[in-house]
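Chain naming follows the written order as A, B, C and D, and within any one chain the residues start at number 1.
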Amino acid sequence: MTVHFRSTTLLGGIALAASLIAAPAIGQEAYRIGALNPVTGAGNTYGSGMQKSIIAAAAEVNAAGGAAGRKLEVLAEDGQTSAEPAVLAAKKLIEVNKVNAILGTWSSSVSLAIQPMTLASNIILMHTSSAPTLFTQNQRNLDWGFQSGSKYNGRAMAAAVKKEGFTKPAIMSFNNDAAINNVGFFRKAWEAAGGKIVAALTYEPKRTSYRSELQKVLAAKPDVIALSGYLPDTTIILREAYELGATAKFIIPDWAAGPALLKALGPDVSQGVLVYGTVPNIAGAAFKTYSAAYKKALNTSGEENVFGAQAYDMVISLALAIEKAGASADNVAIAKEIRAVSNPDGEKVTSFAEGKAALKAGKKINYEGASGPLDFDEDGNAVADFALFTYDKGQYVKRYLLQ
Amino acid sequence: MLPYLVTIAIMIGIYGLLTLGLNLQYGYTGLINFGHVAFFAIGAYTSALISLAGYPIALGMAAGTVLAFLAAYPLGLLCLRLRADYLAIVTLSFSEIIRTVLISEEWLTEGTQGLPGIPKPFSSLSQGNADLAYLALVATAMLVAILLMWRLSHSPFGRLIRAVRDDEDAVRAVGKDPAQLKIKTLMLGAALAGLAGAFYAHYVGYISPDQFLPLVTFYAWIALIMGGAGTITGAIVGSSLLLFILEGSRFLRDVVPFVSEVQMASLRLAVIGLGLVLFMLYRPQGLIPDRSQS
Amino acid sequence: MTLELRNISKRLGGMLVLDGLSFSAGLDELTGIIGPNGAGKSTLFAVISGFQGGDTGSTRFDGETLDGLRPEQRVGKGLARTFQVPRPFTHLTVRENLAVGAQDQAGEKLVDLFVRPWRVRAQDKAIFERADATIDFLGLGPVAHKPAGQISGGQRKLLELGRALMSEPRYILLDEPFAGVNPVLIEQISERIVEAKARGVGFLIVEHDLSALSRLVSRLLVMDRGRLIADGAPGQVLDDRTVQEAYMGGVVS
Amino acid sequence: MTEYINLVIAGTVQGLVIALAALAISLSFAVARFPNAATGDTMTVGAYVAVLVQAATAGSLLAGSIAAIIVTTLVSVACYFLVFKKLERRPLVASLIASIGIAFFLRSMLTFFLGFEQHVFQIPISRALNFSGIRIIPIDLWLSGIAILVLAATFVLLFLTPLGRRMRAVAADMDLARASGIRSGRVMIALWAISGVLSAVAGIMVGIKTVVTPDLGWDLLLPAFAAAILGGIGSPGGAVLAAILLGVAQEVSTPFVGFTYKIALSFVALIAVLIVRPAGLFGQPERVR
């Protein structure tokens, strides 16, 4: 069977190089990956980067001779961060392109909508969504969450708030599933430790001002506000809080922060805003490979896209699992190996080639990914390390790791 | 390929039902309803909630249709008092109110979290066959809707609808109440939208408030305008064309590699936008013209 | 058996268009109304037929009050009207136009349409038979299957009359049935009115064509500036000095 | 008490921002006789041009604004010549649908060339003036000042100049205006140009208050429509007043209805008012035949 790269994968030099290597492939049937990412819609900040990371990682795997001799073929689609187009796109990927796995669905609504389809077709789904139901419906372990779910976000937030010595936190949350769950788990963790939340509020996006929302929360005189939202609303809220003279600090997730926030707010307003997020293993080899590929494809730093690193890791862990399961393994058998190649008590590996060699040598491996150590919990959700960052004099600086 | 086409066909059927409903309201009666998605949402949520509570799917679908039918009544009362252009905005507002309710009333709708795991009919069949059976069901519903529309338009009721569209005051002068007629067509159109919503919920399997943005209403309008208002076939041709534009771009991108995914999304919207303008300018009657209006 | 108006007033844009108008007309008679332009004749029709509410006064039809009834409800009581400028349903054929005029159609009700289709079919057949009879009666045979938007002005006048007749009214308010109609057709319309009257339908007719009108009606009312200034047999009224002054002073039509 | 005063201030500022958009919509409503759904995306175009030109000219907001006004005026007039003029004699829904098409098209062009990333105006951010708890944000003062200035200029134009008189004549009755020698073509161009200018200013104000994204104007369309209709068609003053009333009502209602339902409040208010007054708060009822 001839393996060909689809035109979409030709974007970017890496892919081109990879296709040259891929051309003389022999023997095994290609393993087809659907990259279903939020290229447009609310997730557009990350979608393109995720897609290109997937393509780059697949090229890396193919350059190392494929997974168990199988070339990876990537078919890219735009899920539009919306359930209905995503369902149609997934249908196309599954039925027309006959993909074996769908990688990189971002929002919970998209993952929830396509999960029944992937489960019914025995297709592996790797996502960055946090809805709890995603994990409860995952009886056959075909689905893997690469973004530390709301539970971990909430705990990390609580740990940071405690460590910073705050005693009167308030909550502000964007009205969607992910954001509400994040602050919900924060509240749970905080209250379990005997703390008290002084005010909580869910706001609607797309307002021209959040002044009355802020007024309500500030009236409770919090010393810190746990704000769970996205970049545009976070920008406006932080600016207005500053203008209103709020003294409370803010703690926000990293997907609503980054250089774009700094650029929008400037050094004065951003000063002291706390950011929590999973730490990619920046010093690690996997991150360096990912970062270089990301830079090449998008001309910006891979550090700006937490989901890019996760998408990259999806491909590598999937490929390692295929490698371990063998060329003739079906998806259920492959999925079973995901945990085996990623979780502790194996030799630490940081790239596909390294892992492949170790597996060939008959060793147990533990893939340490670009996005984190990639240790999956009992639900199939990757547990990452969190760190606290802050803006200081116009610089984004890492403060310390969170436990 | 076939299962994908089946999915597309199902979506065409769902949008077709939605558009047929709008056709009855606008194409036949001239009501400018820009809140169609409200009834779609009511149908979807009602059916989903009832079947998630363990009742039969058929009961859910029937309830969704009936509730959408009834929900149109108060809106219908408003229609009678308002100018056409006001009505457009009021109905649009109505659909946003409904969406806000879906977001806020978490005890019922689970809010922004949405409703996952909505049961699919024919789950005992294999996935491919279940989809085929579903398509047959949607097609049957479509056929029934078409027959119903045909019966309506070729009846004294249809005659009266056309009379109302020509001259409301003259209708009143012969002792008929145009208001009652408008309410009825609004309710019937809403019922079709509700049924479409029910089909949608059970097919997609997951619904949340942000699937019921005004964009859905606009899609129905686009299908209606492109297909041709006032004709039964127009609604189906229009919704097929709509899906063709929305889905075709996926395949187009395989052929045009230099356009990025982001740009493709923009182009999709551009094609729809430009298409609407050009249709209005050069072919306002749509692809399938309504012969009685020429 | 009268149409009775008591103290009807109506102000439009600061102008008192109807000024305490009162009269009563027999339901089995032909009554004409004349008056210069702006006398308030069309407004009077609009008030009687319910298209506009009067500011004061009341209207009784065969002893029953019409006040508060919507136009369509008044038709149900047996009071039909036509429009000064004919308003046919232009996309419907002449035959269909007439069919719309028939009252209490089962086929216009959704439940009956689907639950009792046979009844709808039988009734619609009867309605079209009546429509065809009306077409014969009015001599509209040659255009029966044409869309009403394509027939001549005179034919539209006939169609208006026919559509009103289809509702089987006891009384019809005719607004300028002869305006813009050729003499032959005027004669024809007059004959039809007389024949309809013979079948028991009364008419209140607003008309500018005094000669045609005075040959037709048994009683003539004259309006000027929202008031009634004369009332009586046509010959007698037209000789009245106040009437002549009103016409001379106003715009002569 | 302070709480409510602050809410009123917040609502007034939001209302003023929407007021310009509502005024632009109300004007075209009155003269061109259809609700122009492209107004929102014209605003977005204005905001983008301004923010990009500002970035290119080392922070000159004035240069950005002028460029934005020129571009949106051209866009607006072009829409009239290429589309709406040709649909003048057709049912209003034709123009309405076409305006939705234009809205989609404008937005798709923005995202095609500029992507979806947010842009931000370079405006110094300063602390609010605090009058014993009543807080006034300086930038809000500026924005309000500009909004009032633009509104005043529009009113002067409409009610004190010959052009305004002609516009109002055309709005009242196009055929009558034509019959009395008013060149309605020129009036229409003026209308669309004014609507373009207003859109640009509205877009820039929203952009300064928030962030510039492709959905900026589209998201404001419905509130602006609500204000325009609530105010009554052909009543520009009514549109402005209604926008501010809605803004204030929305914010003051939050202690009672919460932060989600406050958004639906303006729609509920709209429907409630129309039930009582089908022509809007300040609109003239249409004469019935």
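What we mean here is this: a residue touches a chain if its C-beta (ideal position, glycine included) is under 8 Å from a C-beta of that chain, and two chains touch if they have at least 3 such contacts.
The structure presented is a predicted model; accordingly, all values stated were derived computationally and were not measured.
**Q** Hopping along touching chains only, can you work out the least number of steps from chain A to chain C?
**A** The distance in steps between these two chains is 2.
**Q** Find the chain most remote from chain C, comparing centres computed as mean CA coordinates.
**A** Taking each chain's C-alpha mean as its centre, the farthest from chain C is A.
**Q** Measuring from the mean of all protein Cα atoms shown, which chain centre lies nearest?
**A** B
**Q** Determine which of the two chain pairs, B-D or A-B, is joined by the larger number of C-beta pairs in contact.
**A** Greater number of contacting C-beta pairs: B-D.
**Q** When the centre of a chain is set as the mean of its C-alpha atoms, what distance in Å lies between chain B and chain D?
**A** That pair's centroid distance is 30 Å.
**Q** Could you grab the centroid distance between chain A and chain B? Build each centroid from C-alpha atoms only and quote it in angstrom.
**A** 35
**Q** At what distance in angstrom does the C-alpha mean of chain D lie from that of chain A?
**A** That gives a centre separation of 39 Å.
**Q** Could you give the separation in Å between the centres of chain B and chain C, each centre being the mean of its C-alpha atoms?
**A** Inter-chain centre distance comes to 43 Å.
**Q** Show the residues in chain A shared as contacts by 2 or more other chains, in ascending order.
**A** 40, 44, 175, 204 - these are the residues of chain A that touch more than one other chain.
**Q** Mark out which residues of chain B touch at least two other chains, giving numbers and ranges.
**A** Touching at least two other chains: 103, 169, 262, 265.
**Q** Could you pull out the residues of chain C that touch at least 2 other chains?
**A** Only 51 qualify.
**Q** Which of the residues in chain B come into contact with chain A in the complex?
**A** 1-4, 7-8, 11, 103, 111-114, 116-117, 120, 127, 200, 204-208, 210-211, 246-247, 250, 253-255, 257, 260-262, 264-265
**Q** Could you please specify the touching residues of chain B with respect to chain C in the complex?
**A** On the chain B side, the touching residues are 151-152, 155-157, 159-160, 162-163, 165-167, 169-177, 181, 184, 188, 292-293.
**Q** Report the residues of chain D in contact with chain A in the complex, numbered from low to high.
**A** 3, 6-7, 10-11, 13-14, 17-18, 111, 115-118, 120, 125-128, 130, 135, 137, 139, 206, 209-211, 213, 215, 219-220, 251, 254-255, 259-260, 263
**Q** Give the list of chain A residues in touch with chain D in this complex.
**A** Per the touch definition, chain A meets chain D at residues 40, 44-45, 175, 201-204, 206-209, 211-213, 215-216, 219, 231-232, 235-236, 239-240, 242-245, 260, 263-266, 268-269.
**Q** Using the touch definition from the top, list the residues of chain B that touch chain D in their complex.
**A** It comes out as residues 26, 32, 78, 81-86, 88-90, 92-94, 96-97, 100-101, 103-104, 169, 214, 218, 221, 225, 262-263, 265-270, 272-277, 280-281, 284.
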